[in-house]
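In order of appearance the chains are A, B, C and D, and numbering begins at 1 in each one.
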Amino acid sequence: MAFQFRQEVLFRHCDPARIVFYPRYFEMLNDCVEALFATMPGHTFADMHANRAVPTARIETEFLAPSRLGDVLEFTLTFPRVGRSSLHTRFVATCDGETRLRAASVIVHVGTGLRPAPWPEDARAALMAHHEETSQ
Amino acid sequence: MAFQFRQEVLFRHCDPARIVFYPRYFEMLNDCVEALFATMPGHTFADMHANRAVPTARIETEFLAPSRLGDVLEFTLTFPRVGRSSLHTRFVATCDGETRLRAASVIVHVGTGLRPAPWPEDARAALMAHHEETSQ
Amino acid sequence: MAFQFRQEVLFRHCDPARIVFYPRYFEMLNDCVEALFATMPGHTFADMHANRAVPTARIETEFLAPSRLGDVLEFTLTFPRVGRSSLHTRFVATCDGETRLRAASVIVHVGTGLRPAPWPEDARAALMAHHEETSQ
Amino acid sequence: MAFQFRQEVLFRHCDPARIVFYPRYFEMLNDCVEALFATMPGHTFADMHANRAVPTARIETEFLAPSRLGDVLEFTLTFPRVGRSSLHTRFVATCDGETRLRAASVIVHVGTGLRPAPWPEDARAALMAHHEETSQ
């Protein structure tokens, strides 16, 4: 089941070309992941950031069409794979049915010293709820 | 010949895990491209943004090791391909010889209505100075 | 009547000291103003930014207590004065009843060439709904 | 003696009105302070952020004229007062002799638990080099 996240394109996202400045899309993607973890008691970003973290190890992104101030972007987030300490993500952002962005990343669950640490069982179970094979 | 760009990791780049927050790396990559265009008279970002722009169409990035406050990152930027209206980039960022980030993107030169527009000849020539085949 | 705006403190707002990095508060204040204008048909930021804008001319801010990841900030925005082309704002942000931030700014409504332009009558009326004298 | 800091207005600073988005000015002001502390051995932001920090307690800012992509801003930073654990700052940013911004802030030196801590003697001495009474 995909996790849904809505983000209106705000003034702070836009550049002098009057479209979303692409680094701001990554802030949105991060907000989307953070919103998902906010649904996982004990594993919100606030819970985790005492001694754990979920840095992004790689990400690839296609920007298929520009987004403008006031556009409402609908993000869907699924996990093609939940590894031992990794998380493979897939994002699609659309506006009025038009795909604006597609991204795939690998996130790593790390503990002290930023070393990979296995997902706790309850976290894994919660993430698996958004597991979805991708044919793409 | 690679274009060189130096960026110290500043407070504003860092997150509560005390490493660079990955969306900030994309601001650095954009600054790097902007610095390169700043060497091309008539094609600086300020020159261009009246009726042209160079949006990013896709980008893939590997974050190989975390960067911390005070690290000095050395970016090298080369262009594996300069297309008719596109530009294929390759970035490597290192700190003290350790590779922190590798990225590859496709940038598009657009004119009115964000429609692809051929690179002006002098711009193409300037970009070709940083052309470099990649074996990778 | 104060305009209410809620913003959770997100990962992207926080710095290595694990509190909100103060420039990010100004992004929140801008989002708050943008949310208010979003309630004014014909005067949303998207509507305006073809040939109008609302730059900030001055702002003063007190950061009374630090905010941390996961804190939910409640902003209230009132307008001590709605001028001919200016808007005097007052912001208070609280979390669980503790005041975190107080700010006051002057925003200017500008048209072509960034020259001050009188508020349209309907915009003024909408803004006056949030007019509130301040004794402070 | 004023501390000098130069910052070109970059693409990432600018908004759809094609001027500096005002929260970005605060990133510049923070960079300016960070650059000054970078000249103080043992008190760089990297040195400090293990168990100390210098949060901003208040700041007031006037934006006197808009800044555009490519403008080169010259910041001068002086300290009207160096308190026991506080630092009163004054910033002026100009471009080609035109004043764009004036700001004054109070920064606090804090230790564990974000509690105010006296400036170390060498830090105080370094800061006092930029002490300047203001008649304003």
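One rule holds for everything that comes next: contacts are C-beta pairs under 8 Å (C-beta built on N, C-alpha and C of every residue); 3 or more make two chains touch, one makes a residue touch a chain.
Owing to the predicted nature of the structure, the values given are computational and were not obtained by experimental measurement.
K.L.:
Using the touch definition from the top, list the chains contacting both chain A and chain B.
P.N.:
The shared contacts of chain A and chain B, listed by label, come to C, D.
K.L.:
Between A-C and C-D, name the chain pair that shares the greater number of C-beta pairs in contact.
P.N.:
C-D
K.L.:
Quick one: which chain's Cα centre is the longest way from chain B's?
P.N.:
C
K.L.:
Would you mind reporting the rotation angle for the C-alpha fit of chain B onto chain C, rounded to the nearest 5 degrees?
P.N.:
Chain B sits rotated relative to chain C by 180 degrees.
K.L.:
Could you give the separation in Å between the centres of chain A and chain D, each centre being the mean of its C-alpha atoms?
P.N.:
Once rounded, the distance between the two centres reads 34 Å.
K.L.:
From the mean C-alpha coordinate of chain A to that of chain C, what's the distance rounded to whole Å?
P.N.:
Averaging C-alpha atoms per chain gives centres 28 Å apart.
K.L.:
How many angstrom between the C-alpha centroids of chain D and chain C?
P.N.:
About 23 Å, centre to centre.
K.L.:
Could you list which residues of chain D touch at least two other chains?
P.N.:
11-12, 16, 18, 21, 23, 27, 30, 49, 69
K.L.:
Using the touch definition from the top, list the residues of chain B that touch chain C in their complex.
P.N.:
Its residues touching chain C are 11-12, 14-16, 18, 21, 23, 69.
K.L.:
Within their complex, state which residues of chain B touch chain D.
P.N.:
It comes out as residues 10-12, 18, 27, 30-31, 34, 44-46, 49, 68-70.
K.L.:
So in the complex, which bits of chain A are touching chain B?
P.N.:
16-17, 19, 21-24, 26-27, 30, 49, 53, 55-63, 66, 114
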